[in-house]
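Following are the structures in question.
Two complexes are shown next, each including chain A; its partner changes from chain B in the first to chain C in the second.
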Partner chain A sequence: MVRRAEAFRAKQGIDLRTGHRVEVIDRKRRVVQGATREGQGFTQPYDRLLIATGAAAVNPALPGADLPGVHRLKTLEDGRRIKALLSGGGVRRVIVLGMGYVAMEMVESLRALDIEVDMLKPGPAFMPWLAPELASVVHAELGANGIGVHTGLRPQRIEAAGGGLAVVCPDATLSGQMVLAAVGVAPRSGLAQEAGLALSVANSIAVDPTLRTSDPDIFGAGDCADAYHVVTGRKTWIPLALRANRTGWAVADNVCGETVALHGVAGTAVFRVFGLEVARTGLNIAEAGEAGFEPVEATITSSTKAHSFPGASALWVSAVGDRKKGRLLGMQIVGREGAAHRINGAAVALHAGLTVAQFFQADLAYAPPFGPAWDPMLTCAGQLLKKM
Partner chain B sequence: MVRRAEAFRAKQGIDLRTGHRVEVIDRKRRVVQGATREGQGFTQPYDRLLIATGAAAVNPALPGADLPGVHRLKTLEDGRRIKALLSGGGVRRVIVLGMGYVAMEMVESLRALDIEVDMLKPGPAFMPWLAPELASVVHAELGANGIGVHTGLRPQRIEAAGGGLAVVCPDATLSGQMVLAAVGVAPRSGLAQEAGLALSVANSIAVDPTLRTSDPDIFGAGDCADAYHVVTGRKTWIPLALRANRTGWAVADNVCGETVALHGVAGTAVFRVFGLEVARTGLNIAEAGEAGFEPVEATITSSTKAHSFPGASALWVSAVGDRKKGRLLGMQIVGREGAAHRINGAAVALHAGLTVAQFFQADLAYAPPFGPAWDPMLTCAGQLLKKM
Partner chain C sequence: MNFVVIGGDAAGMSAASRAKRNRPDLNVIVFEQTRDVSYSA
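== the complex of A and B ==
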């Protein structure tokens, strides 16, 4: 907890009410209605209303998903429950449903506790959003760290078995003492939907650059709300921390009558899994095609340090450009170091709408401990230019 | 050596002649004239001529600068001579003249060999091109690693003393067994100047974006030539590896009749000294003022990792913006990690001509191992915006 309820009340004079569930937004009467934890009804008028309900971890739609030992990881309480279970010492193997960011961060933590881990997902491709060569590097890293990676396995049910749990798939059954369901998140937009507010991508709440919903007196911010994508100009829903935090600051100004318009997101994201940094920004080639671009992709392998410098390892970079107008559309980087912060150079290029040719001219930093004289992003952009 | 002379001759059919010193460029007759190492004169006609003479380490204008034990570090031969001297074991203390990039990289190598080091420079400020708070972090790092840092010491002469060398200043004499003169580099532009070609900043050879000198049949590339600065639009001379390499590729196309125009440099540079990464791009506040901007500076201290993540250390960021038009003009970052690659996000912003407000909206990468949810560059841009 960064700040407790009392701090809001005492230091900032905010009438913060925990244990108050809003059940209805009555836009005609401009009130919200609901009930307290003790069951007492309440009605609260508003001049302006902010919906900041966040996102919820998706429950796997499986028989047995509510068995003890099946966990999700979204809230602090979730984390405490998992920690308590693991500290008991009886968990020797965990089955992780899903292969997203939460899954990746959890398998590393579990292996650090010397727990065996199997991950599974129904789709055939491991991290299909990554360029294939980069995905295979991440796949190999998981394998090298003893993770069982099972793509193409669709769970049918979870059942109690031998004092533990079994995840039953058509062709295989995986067993362990805990199941972690990390199959994604969904915006908590039910209240907004029932109030007739416009929804958007993935049922997120549609907001304009000033975070206004389709009702100008109601605002949406954080993981429940959508955003413009700076590359496509279209709505998207990419619930990540910086955007959520940024909308919090901006919506406060807008609610109070100032106008702060946000540009949008580039879909920049990074995670670390074991010894690897995995970073992306913008569109991958499939997303670029869907958005109407004529995408071209180039993937290169470079180095984390200069030729002559000791301790170098491989750095993989993939970039996507638009053949029609020459724009840089996205970039991905995987390596043991230098991927996470490097991606920001490409992210800024996407915000600025640079072409691949313009990006290729960027004067990026060089010193032997940090990469080759031509930053790997430039080398990749150069290869991409040749294919465009 | 990345490639030997024979490779150029055999694999690429290039008539490469080592041991041929060009002494005159005769533009009227379109020939170069000179002499071989053996003293034989030669005359070579040209259709197009490329001057790629690089830069030379500046010799300190001091009595005794030619004494044995006084070294510079620019060529491979320089490096071998220093290595041979150090391997003899008689060098217990080195005096470094200068506090630039070469000096910084050398003092770390010397300390790794357990050699005592004193650095001196005439000016009163340590790294005056860095924001004062960042400079003091680097200064402290040198101190913590046992380097004697002496600003405001102007050497008068070097003399042999007690079997070693003494650098004599008005108020102090520093002694050691070796002196490293790392007082900067200068373009090797003498030939060009004698041929009447236009010179530029710091006597570098003036070239246009296609690397043509003031004579359209003569090109200049590498550390001997100048460049446009993407922030000021003016000529500058910042001899660094990426620019030199980039001009090599571009000039080859231009000499052969294709047209490749280079945008220019942002002055992006990075070095590591002991545990610190020190990175910069664009203009500092003094340079911005000289270039006619109305500069405002903000400096912040943030963290290399998220609040809750173990192993965090401080990251210092300083940014300069123009109050008149709002543009981002430069950024500097110092920290134990995450400075070198981070600076590229700001470098791309300079190429794109982004305002501080636009840069502040960039969707940069976040995960707990790599920084706070608001990247320190964004936090600094936000503080800068408030001051503008």
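== the complex of A and C ==
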């Protein structure tokens, strides 16, 4: 939702200055300096400062990435520009670089406009962070919707060719009228770094649970800052919207003299790929291993509705536990319905630090339209218990 | 007291709005480089 700057100024008494880019944080003088879009310089003193500069879409490091027709989708402005180009009708085939959730959302919008789509990524595995069985369900969904999915294709350059664009790889060349790059995001931490503030995972700004940076008068919130992971207790960088909103609130309270300390993130996320919901929380088996756990994984197929209830379809659940202490470490769910909100039950269990055995005891809701009597998460936890 | 915010989206505008609500006497100044304020909170 977009609101006008004037509305904030008038209704809330916030002095919102759009078209103002901050270029320097001068901690000695306690001022920020920058320039407007018209090139006018400004200087503003602060008592408390919040850096909430977000994340930026990574540029594909490829010759030709700056050609007209190569776009990234990060800002509202990007979205408007791409939409205008697509509605022109000249774009019949689009090549999408990347296979993360933003790429998945892009291809769905493109197919809705009847545009042909090829997706590619250099790595050999499709969605390597998902349990293999769940990843193959998502892969099949893309195929069923006419998307060309090319893993293990490393683009070498982008060329203008025949009035369109060609993405040249060692063994193949893909062509179309537009290239959309969704190869990841990076924290916008340059201002903080130049001001000498401590950085953390993936170059995000290091903040404590009260969101203070290494300078106690400067806070960091949202996609530009790091967080503690509630499962590992370690620093992580998972840029998502709820955390951005929540850290903003906590900073406000702390600036106003309260002490609000946040617990951290569980990495709970969900997105849609055509007719599928893909949801996760916590650690996958590889992440759990890296964090020093002794991980065990179980994957099951259950149902979105009670057996024999009309309209049922498959629901895939995968869960990871720690053999040493029995703790539940993560869960992933894929299905046509019932994955997105179900995952939140597992997320709360991670915050509470439940063992797999404790989770298996949870009293979960049942009625035939919503699932089997044994919720699919419980069935999965039961299988996981047997392996532990 | 000047509370200065760099970035006028989810995190920055959440902080600015709540700070002003907590303490109406606070001077809250937000710098946003684009012309948009896409505030979804």
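Basically, the second predicted complex is superposed on the first by the 386 of 388 C-alpha atoms of A that agree within 3 Å, B and C clash if a C-alpha of one lies under 4 Å from a C-alpha of the other, contacts with A are read in each partner's own complex, and residues count from 1 in each chain.
Here is the rule we go by: a contact is a pair of C-beta atoms (placed from the backbone, for glycine too) under 8 Å apart; a residue touches a chain by one contact, two chains touch by 3 or more.
Values in this document were obtained by computation on a predicted structure and should not be read as measured data.
Contacts of A:A269 after superposition: chain B is touched, whereas chain C is not reached. In the superposed pair of complexes, A:G345 makes contact with chain B only, with no contact to chain C. Legend: residue contacts after superposition of the two complexes on their common chain; A:A241 is shown touching both chain B and chain C. Look at A:L76: by the touch rule set out above, it reaches chain C but stays clear of chain B. Of the two partner chains, chain B is the only one that A:W374 touches; chain C does not reach it.
Judged by the document's definition of touching, chain A residues 2, 241, 245-246 lie at the interface with chain B and also at the interface with chain C. Within the complex, the chain A residues that touch chain C are 1-5, 8, 12-22, 25, 32, 34, 37, 44-54, 75-77, 191, 219, 221-224, 241, 244-249, 251-253, 255-256.
Remark: chain C residues 1-24, 26-41 touch chain A in the complex. Looking at the complex, you find that chain B touches chain A at residues 2, 230, 240-243, 245-246, 262-272, 277, 279, 281, 307, 338, 340-349, 351-352, 354, 358-359, 361-367, 369-371, 373-375, 377.
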